[in-house]
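Here come two complexes built around chain A, the first alongside chain B, the second alongside chain C.
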Partner chain A sequence: MGRTSSTKEDAGALFHSLRSAYAATPVNLKIIDLYVGFAIFTALIQVVYMAMVGSFPFNSFLSGVLSCVGTAVLAGKSNFLSPLFAKDLPPERAFADFVLCNLVLHLVIMNFLG
Partner chain B sequence: MARRLAGFLVLLLVVSICEAAFLFQPISDSHRSAALELFTPDHGSFKSLEETYEALRTFQILGIEKKPDLTATACRSISETVGSSSSTAKDLFYALKANSIAECKIDKKASKGIISRLNAAVSGASSLLDFYYSVGGLVLIKDQSSEADVHLADAEGVFRSVKAFSQSDGRWRYSSSNPESSAFAAGIALETLAGIVSLASSEIDQSLISTLKNDIIKLFDSIEKYDDGALYFDDKLVDGHEYQGPLSTTSSVLRGLTAFAAVTAENLNLPGDTMLGLAKFFLGICVPGDAKDFFNQIDSLACLESNRVSIPLILSFPSTVLSLTRKDSLKVGVSTVLGSEVPSLTVKLVGAFSSGSKDASLVESQELNFDKASGLHILNDLPKSIDVGSYTFVFEVVLHEPEHEEVYFMGSQTKVPISVTGLIKVENSEIAVLDSDLGSIESQKKLDLAGKNAISLSANHLQKLRLSFQLTTPHGRSFKPHQAFLKLRHESKVEHIFVVGNSGKQFEIVLNFLGLVEKFFYLSGKYDMELTIGDAAMENSLLVAIGHIELDLPEAPEKAPRPPPQPVDPYSRYGPKAEITHIFRAPEKRPPQELSLAFLGLTILPLLGFLIGLLRLGVNLKNFPTKPVPATFAVLFHVGIGAVLLLYVFFWVKLDLFQTLKLLGFLGVFLVFVGHRILSHLAAASAKLKSA
Partner chain C sequence: MAAPETSTAAVPTLYTNNTLRNAFGGVLSFFILLLIGVMAFSIRLFSVIKYESVIHEFDPYFNYRVTQFLAKNGIYEFWNWFDDRTWYPLGRVIGGTVYPGLTLTAGTIWWLLNSLNIPLSVETVCVFTAPIFSAFASWATYLLTKEVKGTGAGLTAAALLAMVPSYISRSVAGSYDNEAVAIFALIFTFYLYIKTLNTGSLFYATLNSIAYFYMVCSWGGYTFIINLIPMHVLLCIVTGRFSSRLYIAYAPLVVLGTLLAALVPVVGFNAVMTSEHFASFLVFIIIHVVAFVYYIKGILSPKMFKVAVTLVVSVGLAVCCAVIAVLIALVASSPTKGWSGRSLSLLDPTYASKYIPIIASVSEHQPPTWPSYFMDINVLAFLVPAGIIACFLPLSDASSFVVLYIATSVYFSGVMVRLMLVLAPAACITSGIALSQAFDVFTGSIKFQLTGASSNTEVDAAETSSSTAESQTDAVKTEKPEETAKNRPSRKSKKKEREHGEKPSTEAKAEKKRLLALPLESSVISLLLLVLLGAFYVVHCVWAAAEAYSAPSIVLTSRSHDGLHVFDDFREAYAWLRHNTDVDDKVASWWDYGYQTTAMANRTVIVDNNTWNNTHIATVGTAMSSPERAAWEIFHSLDVKYVLVVFGGLVGYPSDDINKFLWMVRIGGGVFPHIKEPDYLRDGQYRIDSQATPTMLNCLMYKLSYYRFVETDGKGFDRVRQTEIGKKYFKLTHFEEAFTTHHWMVRIYKLKPPKNRIRGKTKKSKSKTSSTTSSPKRSGTKKKNPWQ
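On to the complex of A and B.
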């Protein structure tokens, strides 16, 4: 009884510490986190829709889901890069990279959309 | 179009008649109607004087009435050619040839002009054809105009010039520069030389004419032969342009030969059957389909009809199939190649041989009676030794006046295939079922093979079926037909055919069912019987249903062969087949439109969530450059990104990949340039901030 409660307390303490640590992260990274979350959520909604109505235009489904996932990945890449390699790569460079890769991704997605 | 079709049908009919290999028909009305079909002028006149002449000459020989409008147009073109000063010797030649038949008047002045022009052509001639046209023209104008005096200057010189083209094998060349020689050219040369002799016979040395005789003999050594006795000339095919074909070549040689024979008193020692062989060649063509071939054939036959070498006579038969039932008599006609009358002669039947047998003749030599009314020689009663079957009859022709033998030629013997048909008596026909071992008759019925039969028999596999009958010819001899079959057909349409053998007159077949059980596939039941007796010489060939027999055969063992499947209706495989309905892939079920629109809205939700989140985070645009230059770049950067996204939308809606990529290229370059500027500006600004 005591052990479970301690576990629960530990879990609660862990959760709180995460929250406070997160609040301390810079706003830039929070924006990027929010963007990734938005992209993943859009992908999830598309998957739910496909589960409901069947995968008939499968290429459209794939392109939709992959565009969301792709852009999330690119954003995550920029996110990952900036604090660790900030000295080598300026954030503007990372942003330009992000924009360019996104444009290429979206061209491919639009072609595949059909 | 209808006339042409009718003419074609006439030709087809005549060609089908002319199938007999050894029989040659003289010229008849079928030729005349074919001539009228072939020689139809285009819009009233022929293409050239040569064709006009050919048409007129053909009509003249066949005795077809001259059409006045044809003669009128011919006269017009003749006078045109004659009057024109630019006509060549060839044109004049054909104009005069046509005029010899059309008989248009040529005035004195024109004839004088022609003569002078032709004389000039003779002196200026260098090739064989030049000599041919000019000398030929002079010969023609001499016949046609009575006043003018036609004189050939230096006849012997011209003769020698033409003779110079000859070769040792009897053929002639066309000119001294052309080494090719042909028999066709030889014919032309002979005609030319005959023309020279007729124009100035006193001036030419007789020895020259004698050497020409030798040339002719050498030329005739190269004659070729068909199996049926036809003789012809053919040149080797060296150059396609010059090659004339056997018909043209042979008729050219014949024209030359007869022209030469007409002007010389000497005897050309050609073998007697040469002219007959040539006649067989021309008659064997029947009715040619081409106007030029037709002219060549008819003109050559006219040369053969009246020439000084020898006139061939041919035998013709109205019918080569004689029926004993109708008591047909054998009729033979003798005529010249154009169908004209012949001097009195007798036709003798010297022998008759059964086809394919080398035995002695079945008849003795006898003469045929000449019937003045029909002009045919008739053998009234066929000898009793000639029964139903096919034979080869051998005929000989004997002329009554001995001097005619110099003029006419009739081959030594003519062999003709004759078929004799008759009614075959079918007698003593009976059918019986026998017991196998003892041979005793169980049931026997008489058949009437001429009438209807409905015999009903039954047998089991231990018994035999015997069918017998006798065949007798009208003269009482035994007869073996080509077909004597007995057919048994089961109810399930399975058929079996047996050949009925014979010994002498008696035909008999015995079917031993014990041995035939396996062949019949162990099928018991009712079998229909059918007898076929047939032959080409039998006028009453028969195919009769005799009746039926109930066969009781044992059960089929396991491994017995099955009967072959019988087609229900042999033509059913040609009927319409089952209709194929094409099943298309069913289209996918689409979701209802409302659901789709609802989810469209749902997808927008995360975007809104993102924007709200951004606001909550305290996003601001403070870092947006205020100075004008960087500001424009910043604006342009965002505009550029927006433009690319808009381009993507257009790409999805309307554009194709290549157009998109092209535009993307321009926008991309622009964007990279602008983006670089603004971002480097921002980077510099933040670096300044960091260092500061």
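On to the complex of A and C.
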């Protein structure tokens, strides 16, 4: 029917526009995206491993998964929110905050790993 | 310092004027804050002055004992401590079941002071921890309210919090309980959250997580934070206030906060498994979805975005429904839907009274009465609505958080009187905002009327620093358009420094000022009335602190025509126990006195205030409600040597064990069905006079309370129940009286050892009916008594 084909056309056009818009983002941000994707992929692998092998010791599993999610969150915010980012913080300050937060996160992770 | 001089619109002089004024304001607010801290500390010292520097109530004695252990043995022993002197024979794992924040804080202060060669004892540090942290809490309130509305509101809110009676009641000197540090941690965490929301800096987000960690260490009420913040994030998303600052404020907090909460042993894996935390994870997912949607919206054209929306909605909805159905099935399979008993009783106030009598019996868990609102937050009760309205003019992220905080805390305070404590900071913040706005309007009108509308710069120079910032940013807001169309105009999206160089259009400002100015007389009178209101508040708070909330409850006083009587019976009894019994003797009493007995008498107890094991408490309750022989059997099976009973009939002390007896029957009857409450009731009431039921007159609690009571005045008149007792002359066959204190308030009995030789035939059936007081067999009872 005309309806479904127009929907399919729309879907195709949508993917094209998405891809072209994404290709237009600067290379730095795409690298950060890759890093975020890798972190989430690592978390998913850990979840699948836990599903296969069992969840003991639970604290190690938790700390592993949450460390991946945490780094994804911290790194991804700058790219994810680029349309909305209020540029009122100087980039050095933002980077220093990022390093500090990562330090605290990994300190807690290593303590919790058991 | 040059005197501020009026001038025409010469910018450099105005600049100097404003900086001088701001510097003066800064120094003044510093000294005001210092005085507020001193006042918060001093108003809590009434009990130390009136009585002595002693630890109050029941729970603080446990915290004191734990702190003593920590100070003596160090932190590794503390984490691994298994306490075998309580809940005999079960013991209690202290390291895993206590919220360590308070004890670690006090232990650290003690260690620091002693390493500086200031030899304060552990008791002194414990007694004065609460007033010190209340001073910190009022400073934290200043910081929080300054982020929401400005310095004036901050100072007012801090002054209100330093004195509010609800907070005083739980943080008076000697009340060494979790709330003493937890309220400071709560306010400080909220301050850091608002600061992150305003500045968008990850540094404050990290500090926020660390402050949240301190809160989790300190109090079980941390679940309030981890549910309020997601609620606020959801509110911001729904009202269209999503921004990168919101994401930075929330997402790192969830990840880091959950990890840090799981580090505390008492929370452990509950941080990811119980329903109390699910809200935060749900909103975590939602905020990522929303951020993704905004991202897509930003890079696509509008037509393509519509297509994407229809596609995603049709496909995603089906997937979402499947996932939610699975989740609901998982959660519904557990009987309490994954919530703990205490949290459930918060959501459904009738839950505890139906299912968990222990939670229902604690006096702090009862709903408050209407007068207690006026007693505890006084004048703030009707300043709060004005503050809520002031938060809406204009609405920012921070002020919407304050409105949400006050709304939820009012609901929870209505469920449990103990949670009035969480309402107190919210009430102080909103009232501070209201009072400060009112003062601004009145003083602005007065100055406007006095100096006339001739020169705007004069009015500028004469304004206080807070109203300067307020009116300037107001004018800035109405004139400058925002960068993107998505963000609502928010005052806090810019840094909040004094924008001296900017001159907003003077005409708009003058017009606004003229419209807002009130007549001079009404402004002056209103100012005076507001100050009078503050005076009433101060008078009430000082009275409440001195008279109502300073009683240590371990020492009682009463005034009579011949002077002041001091009732020190509790300490007398515990000292007798400490000096006249063996170290390994076990003492049985109702669970209220467990902590005090272990801390002061240093003896092993059967049950204490932690009430984690309902069956064990029911065992003691059953023993107290049974006749002598059955009770002796129960206590003998628990290796008990001494039984402690609190009796107020001679002096009129109303919180004695006979008044608590109904809970012993109910809790005991909940586990052992042979204890039936109607057996003890006559016409639906518990009575101890001649109309009492025979079960009541024969139970252990009655006998231990009224043994030899008739010798005091010949008639056996109970001053609390206001009647003569029913059975006056009786002997005890399985117990013997060991000690009775001076005012008969605490009575200690010793179990008689079992007979060595059984008179008569040595058959088992005979030994059951040996010559002791016959336990009245309840005729027709079908339930087997497991203790016989």
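One rule holds in what follows: the second predicted complex is superposed on the first by the 104 of 114 C-alpha atoms of A that agree within 3 Å, B and C clash if a C-alpha of one lies under 4 Å from a C-alpha of the other, contacts with A are read in each partner's own complex, and residues count from 1 in each chain.
Just so we're on the same page, contacts are C-beta pairs under 8 Å (C-beta built on N, C-alpha and C of every residue); 3 or more make two chains touch, one makes a residue touch a chain.
What you see is a predicted model; the values in this text were computed from it and never measured.
When both complexes are overlaid on chain A, the residue A:110 reaches chain B alone and has no touch with chain C.
By the touch criterion stated above, A:22 is placed in contact with chain C alone, chain B being left untouched. Looking at the superposition, the partner that touches the larger set of chain A residues, chain B or chain C, turns out to be C.
When both complexes are overlaid on chain A, the residue A:74 reaches chain C alone and has no touch with chain B. Of the two partner chains, chain B is the only one that A:52 touches; chain C does not reach it. Legend: residue contacts after superposition of the two complexes on their common chain; A:34 is shown touching chain B, with no touch to chain C. Comparing which residues of chain A touch chain B with which touch chain C, the overlap comprises 93, 96, 111.
Residues 199-203, 205-206, 209-210, 242-245, 247-248, 251-252, 255-256, 258-260, 262-263, 269, 272, 291-292, 294-301, 304, 307-308, 311, 483-484, 486-487, 493-495 of chain C are the ones touching chain A in the complex.
Remark: chain A residues 27, 30-31, 34-35, 37-39, 41-42, 45-46, 49, 52-54, 56, 90-93, 95-96, 99, 103, 106-107, 110-111, 113 touch chain B in the complex.
Contacts from chain B toward chain A in the complex involve residues 588-591, 595-596, 599, 602-603, 605-607, 609-610, 613-614, 617-619, 641, 644-645, 648, 651-652, 657, 660, 664, 668, 675-676, 679-680, 682-683, 686-687.
Against chain C, in their complex, chain A makes its touches with residues 7, 10-11, 13-14, 17-18, 21-22, 24-25, 58-59, 62-63, 66, 69-70, 73-74, 77, 80-86, 88-89, 93-94, 96-98, 100-101, 104-105, 108-109, 111-112.
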